[in-house]
Amino acid sequence: MIILDLALMLITAYFVGFIYYGLYRNITARFQRRIGPTIFQSFYDSIKFFGKKEAISHGWMFYLGPIIMATGAIMTLFFIPFFYQSESFSGLSGYGNLFLVLYLMLLGPLGNAMGVGVGGNPFGVMGVTRGLTRLFALELPFYIAVVAIMSISQSADIATIAGSQTTINAFAHPLLFIAALFSFVAMMGQSPFDVVGAPVEVYSGPASEFSGKFLSLLMSQSAIFSFAKLVLMVNLFLGGADGFFELLWKTFVLFLFVIAFGAIYGRFKTPQSVDFLIKVPTVIAIVGLIFATAWGN
Amino acid sequence: MFATIKNRFATTDIEVKREDLYKVVVQRDAIFELIFMLREQYDYQTLNAITCCDWIEEEHFAITYILTTSDRKQSFMVQTMIGREDAQIDSLTHTFEQAEIMERDLHEMYGIDFPGNQNLVELSLENWVHTPPLRREFDTLEFVNNNLSFREGRDGNMDVKKEMKRLRALKKAQKAAAKKAKEEASEVSDGN
Amino acid sequence: MDEGFLKEQQVMESDLNSETSHKSSVDFLMDWFRRRSIFVLAYGTGCGAIEMPPTFTSRYDAERLGIRGAATPRQADVIIVSGYCSYKTLRRIIRTYEQMANPKYILALGSCTVNGGMYWDSYNTIKRLEDYLPVDMYVNGCMPRPESILEGFMALQKEIGDGKISSWQKYEDNYAFYRKNQEAVLGQTVAPAYDADWYLYDGGL
Amino acid sequence: METNKHITIFHGPQHPGITGNMSVELDLIGETIQKATTHVGYLHRGFEKLVERRTVIQAFTIVCRICVPEPDPNEANFAMAVEELAGIEVSERVKYIRVMVLELSRLASQCMWLAGQSGSIGLYAVGQWAIADRDLILDLFEELTGGRVYHMYIYPGGVRRDLPDGFLRRLEKVLNHFKKRLKEYDNIFINNASFKSRAIGVGIVSPEECIKNGYVGQVLRGCGIEADVRKDAPYLVYDQLDFEVPTAQGGDVYARALVRRAEMDQSIHILEQVIDKMPEGEIMVKMPTHRKFKLPKNDTWVKVESSRGEFAYYMAGDGSEKIRRMQVRGPSLVHAFTLLEDLLVGAELSDVALIMNSLGICPPEIER
């Protein structure tokens, strides 16, 4: 039965993720005063790339990169319960807690770094270096906020954290939420922290050398992973969800915020974004942690 | 200023082109002295351009240095002639940094050598082995015809001149025929 | 007059008789997706590139048709040769084109790619692009307006959707012909020989 | 040299962050640039040779192709050089129309810059708006000349056709629209914290270097030097119009952005005066047919202020109906080599597109 559950979770995340990406492009287009593509556009793109034939090969190590990344994304998804009360759509969350999820979220980028390094494209390597630097910086405030939330809820189980919020954490502990939100924008690769794949600098960063099926795989994992991250944020800070409708509107509001944030800011350089993430959100998170521990108990 | 230049460089050839543009033609060995004098004494601080004009009939290149004052209100064209065969003139890179790229351009387009410029490599062209393209003896149309092919054109493509001639002849013939017919008709009517 | 009419009739009937009507359902589906998603390589090779920004931005908004820019040749479907092509650029275009993954298409803009255009007597531009690369669609004009470019794209999309275009196949099949022409203008320094399987001999898979 | 640390990459010609079809060869350690070498020639068409083979009026149709984003300074230069050599004096109305065309094209070109500069820091919304606003100007051009980008309008001896009915009124409408929009650009782009944090202190040029090496345009004005061909050596009717030369201090990318932004205001101001002052008169001097139109044996040097700085032509006639020699000296020639290669050393890879856009480097005018 769990297999069916996992398959349903994957399919939901896949389609909702792609539709969110389509919406992202469409809403950004509206910001830019144009019509924009249909909301299924990203899905079309991904399928089209699946049908392309690569002209070259860099060896199996190179192609392991996207596969490890996709594995990381899917595993992350499986350990995040969609709803805090329901038995279905809880995946493997009974077998692993928040610590495991945080660990799994790191797996993908590391695997990708390995693959791109083999590819030998200097822009890909540069993109990966930038990505890992940014990852290091954004994890710091995010981990502090998550640790604070865990200590408040006295649990590391995501469903318990989501279910135990009488006032949702975003209002009860705004400082932690703000800190985590900065990290989240960076995690989603939005402006001003989108230095990894900056086209005017390093083409498309880590993905520069990928094409065809593996690019399609990268796009799919990115859609799934984005949805997993959105669900995680909703569970931790927005009180979780008790049904599909609640889940969708909560994730969408969060996603809309990320888009709007990205549309009006330019891109920071790598040192600038690291500097910013280590200073501002980290300090906010620490202050939030102190407040939470002082008042929480 | 003009008097000084006339005396020192024994030239009478100073032209006032516009109120903001003067031109002088001097001997080849005196040109750098003149440029330095203009630069030191009359505030012509900027080298705007180095141009070259190929006078193939008179067997020389006219090299013009265009200098501008630091307030950018006056320009001075300093011209000299160098022979077309083994053309060479000293580089100005030691004084004006930007001369490097201008000389590189002229070297490529005219084959002029600038001793002192370290960086006379190809600028616009790549693997060019023919005559430098801006020299007058280089015929670009001949080069194109030898190396490249054009599209044949549409199936029904016609030579415009020939076709016009044909149409004109046709029209003339028609007119003549009409006239003849008319005459015949009038003859017939006369006959009646 | 009869001739032109007959030719038109042939073109109209050829749709019915073409092999494309027998393609498999997977191919049909793939073509449907290909047609709706076209990634254009960000390479402004000539002056026509000045009309690319208007085509892709708010006023004409090519993205509503599923056409968007791609940064690297590996991810691009279409390369736009926007106007005249100097030898130095041609070398880069060939190199870039060969890096793109199949299926790939070439859209040529302006009169210059058709027959040299106003640079017909220039010593540094090629005159007929199709001697060197397989061109799928010409958009004429000097330079073509964004509307024309969009129309060219839509025509290309239609051909892709019908599964008619296989220019990359043509390039591979007639590689000797293209290579000969390329070497005639560029010398021996064109690019490494293009071969879909070259990696097999190079310590690859 | 520690060879293992160095990496050489080509920034262009196929790159989203390059201004046109050119490339910069970068020698990097990490992401810091050690050495930069500019490569051009991807757009070389041999204009100067083609012009020598054509009669003056035939040459007129191709000169506008020399600089693609802003063709009108080429036409103006060409017309002014021919008129000076042939001794033709054009009417007041022609001069005003030419000023109008030049300022409109300056405004359009600055919009293009807005798009490029904001795109170089990933603020794509500004780029989308600016290009769409530029299209309004192109519509005016289309109405006036028949062409969106290449106009072939400023003919030696006049302009090719008179203003259509109500053109000035429509121009005024567009200007009013621009005035409203420019404030939005200020809010979202020029005053944006992320742009300031990227642009201030990047790509600094010193005033002495500017004068010595012949840098022009915004590079000079960004160092606080009031330099503008329209003021220093007025051509057409710029001496009768009231405008300022905006300057800024610092010599960095942000200073150049401020200067360009202020220039857009000045262009609008000039255009409004042109609308008020437009005189009546002939639009074309009577000229011989192009086969008989001959240039005397003489040479000249003319320059106009383009949107990127001084744009100059050297032209020599030899008594025949063909031009003996026409040399183009665009602002980008020195900027792309002497200046860019200097500025990029020590900069980061992320700054390359930023600096290139702020210099407004346009490759077709370098290699012609």
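As written, the chain order gives the labels A, B, C and D, with residue 1 at the start of each chain.
Heads up, the rule we're going with is that contacts are C-beta pairs under 8 Å (C-beta built on N, C-alpha and C of every residue); 3 or more make two chains touch, one makes a residue touch a chain.
Just so we're clear, the structure is a prediction, and the values are computed from it rather than from any experiment.
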> If you tally the C-beta contacts, which comes out ahead, B-C or A-D?
Replying inline: A-D
> Centre to centre, by mean C-alpha position, how many angstrom separate chain B and chain C?
Replying inline: 36
> Per the centroid of Cα atoms for each chain, what is the distance between chain A and chain D, given in Å?
Replying inline: 44
> What whole-number Å value describes the gap between the mean CA coordinates of chain C and chain D?
Replying inline: 31
>> From the mean C-alpha coordinate of chain B to that of chain D, what's the distance rounded to whole Å?
In response: 23
>> Two-or-more-chain contact residues of chain D, please, as numbers and ranges.
In response: 15-16, 41, 44, 46, 49-50, 53, 128-129, 132
> Residues of chain B that touch two or more other chains: which are they?
Replying inline: 124-126, 133, 138, 140-141
>> Which positions in chain A are in touch with at least two other chains?
In response: 32-34, 123, 199, 203
> Drawing the touching chains as a network, do you get a line, a ring, a star, a complete graph or other?
Replying inline: other
> In their shared complex, at which residues does chain D touch chain A?
Replying inline: 7, 9, 15-17, 31, 118-125, 128-129, 132, 188, 192, 194-195, 197-198, 348-353
>> List the residues on chain C that touch chain D in their complex, please.
In response: 41-47, 49-51, 53-54, 57-59, 69, 71, 73, 84, 86, 88-89, 92, 96, 118-119, 121-125, 142-143, 145
> In the complex of these two chains, what residues of chain C are touching chain B?
Replying inline: 87-88, 91, 114-116, 120-124, 126-128, 131, 184-187, 189
>> For a test of understanding, state which residues of chain A touch chain C in their complex under the given definition.
In response: 25, 29, 32-38, 41, 44-45, 47-49, 51-60, 123, 199, 203-204, 207-212, 215
>> Give the list of chain B residues in touch with chain D in this complex.
In response: 17-18, 20-21, 23, 45-49, 51-55, 62, 64, 66, 68, 70-73, 75, 77, 96-98, 100-102, 109, 122-126, 133-134, 136, 138, 140-141
